[in-house]
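Here come two complexes built around chain A, the first alongside chain B, the second alongside chain C.
The block that comes next holds the complex of A and B.
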């Protein structure tokens, strides 16, 4: 039974509670309302990116370009809205950010499907291309005079929760709904599991996979806007390494990099876990370097536990809940 | 030499083995029969060391046998052909055959010897492919032969075969029987599982019947008849082996294929099927039937040729086009092409008909349960993951998927692969029922009696060409086999 708890679905949730409990005792000022809000703000961007990354990983892909693409979205959109007080311009610029993200995602998906190149390679190339494009776009300059309205949005709270975090919650909720309740979500899981069987059932799996990359692109575009809202700047060097944190959240959340297994709830908890860990260690005064080491180890433990769980499941031949969401959904209703 | 007593294996929600006694002697062929989900494969996996039993004992060669994994089984001298094929797709046939011990010279793999050894084994099982062919390019029957060759390549004391002939035609099966008899002479004990009772009658010395995870009875084969076996397996008599097709007046031409050419096969193929007709495709392994059907369905590109549906030319470039035009293809390999193993039964059943925006769980559930009942699906509920179903029950899920798609033109490739005698009858009846509703059916099967049982006409493929066509009144196994071989003879005289 203990094994069940440690290794099962609830494992990540339990780990999160234990970790938070530890920091409540060990880290001064961890358990304050203000710090809770800090954590929410800190995990916003990673949560948003991880939502999109979940789709990509579920179809068996990976997107290494999200950090650079985010910078590209930010500079294009930031240039457009800078110095303007008009709401129309602001909304237009936000839409442009999302659009740029979606286009980058489409290119990632299309190239890897059309020429059968692993998405690892395609998005690695895109990581460089997008970063270069962002630098070129602003001549490596940082954009400062972003609209005040945007900055306001980045600082206000609604019902005690930072507005930007509401956006992250909303996106995670939509992601959960799409994955567990829609035909498209079902096809995402099925394609990640056995693409050929899905194709031979009359579905264009290429389109499904490209759509997954576009969804990742959409979240990149949104994350770029949230970034500008919070920090009030747009810079071509922002977002470096963000892809790795997003992937880490998804993997800690129980997804398989082979595709077909994972869930939005897991991803969300994974992002929370990473955020709590970083925040708590900071408050404890752990140095940057040590924090990195610990974070790396946590990711490793998550993956090893996951592999162990799979092996254990195979051995016991337990009905393996491969997809956490569709299953209860099927059993319910 | 292998004695099993009171073996129990439980899975969550299912008792797969519920007290099995089995005693296998050296130098005998011991058949294991039972309905889908009776526990045959689970028993095999326990013997092989893959599943640890929850209770019961096994004794091998007089000593207690408690394998901790498949490696222990192999080390003890137990060689297994599992029901689900498990070759490495990107390695060559030769590499797959000798994965356990590649021939080496001074530490380096000796390619030449590897090829030669492989060629010898392949010749023995009658598989005509180059040892260097990557396994992913083989059809399912060819993969099955590779598995068989692999199993007999090791010196073993106990050889277990779980439905080795499910996809083989009589030619390859006959050769396999020869090999098995040879091994029996040498004192090897053989456990043989099959749903083809004729084979069991022909080959086995003794038979053990499993029902609901229990061993019902072990008998000497002498004097046992097919109806005896059926009664033991199913617990009742089966009136006849094949349902009788009500005579129907075939309607308009539903699908006409003209001049179809497929890569790697001679062709061109031309034929048509009318509404209400059941047309069988007979032929040897590798005669191009599967490839032709895949090209029609848009699964693989065709080199040339065109397809007319109800007199109108259509272009089918992707399975999606085919499904939209009301064509279904049940593929021969359920594991790699038919099923999403880690999704529940219900999700698999609806896969070919998923449209729209939202999933309808209630509907999905009720129609899966309904189809499951009609196909005698044995499961712990439609939420059970397909991976954990028995082989025959997985096949029923693929069938359910295409029945649910409701197409007017249904192509089924080995539809009853791995399905037990009782359920087979129901499935044939279901297929004939569809024909009676005016649907056009194409049945590809390695089981000639099955084709002769349910079809109106049989097209005989030989080396990628249609060597002849036989209508029901003239059905004659020998004639059909002659046609099937004709393309392989020097100057194809029989046409």
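The block that comes next holds the complex of A and C.
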């Protein structure tokens, strides 16, 4: 039973509780209502990006372009809505942001699948292309004067929770549902575990993988809108390094970079853990450099624990002959 | 499988090649023949930055207006791409430019290639970030390469003193710093600290937000949680100030917390107008390269400059906002 828990998200959940408990004691004002709201706002973008990243990592891919693509979505959409009071323009600009994200995701997926190039390389190239395009599009200027309605949405709270965080929760919820309750979700896991078997059973795996990249693109487009809502600007330099934070959240959440293993709940907890860590360390007045070191170490500990967890799973599989597959069962929820 | 590896290796090579190409000239600098206009090489940092974009544009306009030189602009991929900047300097020398105007990516690493340029008879003008004095002296070019640029420290101090006026003595303030290791970030921080000391403010925290809005929002809202009595923010640039302003707004402290900033980008104007931002500082970035070109032309004409040639800075407040 305990071993079962270790295999699931319980480990990361416990780590989160322990960490939060530590900050309640050590960090001034950590356990205040305002600070909880701050944390929610601060983890919103990473949560949204990590939801999409989970799909990509589950099929055995990686998307390094999300930060740059987010900047591209934001400047295209921001330029369109800047200075306009019209609701139609606002809605149109939001859709454009999502569309740009989806197109970038499709290109990532299509190129990797069509020419069998590792997505690591394709999205590394896209990281440069999208950033350059964003800078070219705006001549590197910061876009401001975004609609007041968008700004209001970035500031309001619903039931004490920031509206932007509700969006992140909703997306994580949808992601959870798709992964654990739909055929498509099962195919995502199966493709990551054994692509050949899925292909032999009559499914087009390249379509499934391209879909995963497009989902990541959709979340990028939404994250760009949330960024603009929160900060009331769009800048071609925004989002640098966000891809690594998103990947970190997914990996801390227990996903395997080889694909086939991971969960939405784990990803969400991973994003929470990173957010709480940054917030708590800042409140404690830990210096910039030390904060970076600690964050790095936490990621390291998470992957080492994961390797240990995998070994434990293999052992379980061996000692219980009832389990047919030598590969660990996919953890879904 | 082998094919795949080859394809990846090929792509990786192509990527590396692209990286190296980053140091090439935007327009080929024609080797000047006798009687032709002198060639001036402008070696820039990242052209992806709004600030350097404006600087380049300003330089190009200025060169066209002067009409007595051939300007070629060289940019690098990002602000830390030192290798390619060294290559760019060497290229300018090979192409027999009469002068090099450079915004160095590193204040030590560029000294050696620039000395080679000086030895080859090329006039060198330093803009944006000052080359390190010790290294310049050691190389023997301390009095041959002038630094034409603004006083970041003095500017930050002026901006900070406006905050002192607005929040009064003993008020708690915080600093949002630029990138660790960047010379202008360190100078602005030093200037803010001068103002804090002179005005008797209480500095409760100072952290980097890497010049970026979202990070400034995160860092500042956490500072505000840890120190609820903060009355003022000193932001190393306007983009970070924008993040702090949003956090102030969200926590319902508009009017209670004032911001002093630096850069004067268009997006900050509305906050200067409503008084939340008490001051920002214009260092006329667009004109810095143009100023450098003027000095380079004087030096080609036979004049000699060394040391720091300070350029204009202007404090922007509600009263003189354009």
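Here, the second predicted complex is superposed on the first by the 306 of 333 C-alpha atoms of A that agree within 3 Å, B and C clash if a C-alpha of one lies under 4 Å from a C-alpha of the other, contacts with A are read in each partner's own complex, and residues count from 1 in each chain.
In this text, contacts are C-beta pairs under 8 Å (C-beta built on N, C-alpha and C of every residue); 3 or more make two chains touch, one makes a residue touch a chain.
If you're wondering where the values come from, they're calculated on a predicted model, not measured in any experiment.
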Chain touching more of chain A, residue-wise (chain B, chain C): C
First, second, both or neither for A:144, with chain B first and chain C second: second
Chain B versus chain C as contact partner of A:25, first or second or both or neither: neither
Which superposed partner A:261 touches (first chain B, second chain C, both, neither): first
Which superposed partner A:198 touches (first chain B, second chain C, both, neither): first
Touching partner for A:159 - first (chain B), second (chain C), both, neither: neither
Touched partner set for A:189, first chain B, second chain C, both or neither: first
Partner chain in contact with A:135 - chain B first, chain C second, else both or neither: second
Common interface positions of chain A, toward chain B and toward chain C: none
Contact footprint of chain B on chain A as seen in their complex: 181-187, 189-190, 193-194, 196-204, 260-261, 317-320, 322-323, 326-327, 329-333
Touch list for chain C against partner chain A, complex: 4, 7-8, 11-12, 15, 47-50, 52-53, 180, 205, 207-208, 212-214, 217-219, 221-223, 225-226, 228, 239, 242-243, 246, 249-251, 265-267
Chain A-touching residues of chain B, taken from the complex the two chains share: 11-13, 51, 297, 299, 318-320, 322-324, 329, 331, 336-344, 346-347, 351-352, 354-359, 361-362, 364-365, 380, 382-385, 387-388, 401, 405
In the complex with chain C, residue positions of chain A that touch it: 27-30, 32, 34-35, 38, 41-42, 45, 115-118, 121, 124-125, 131-132, 135, 139-145, 154-155, 227, 230-233, 235-238, 240, 278-279, 282-285, 287-289
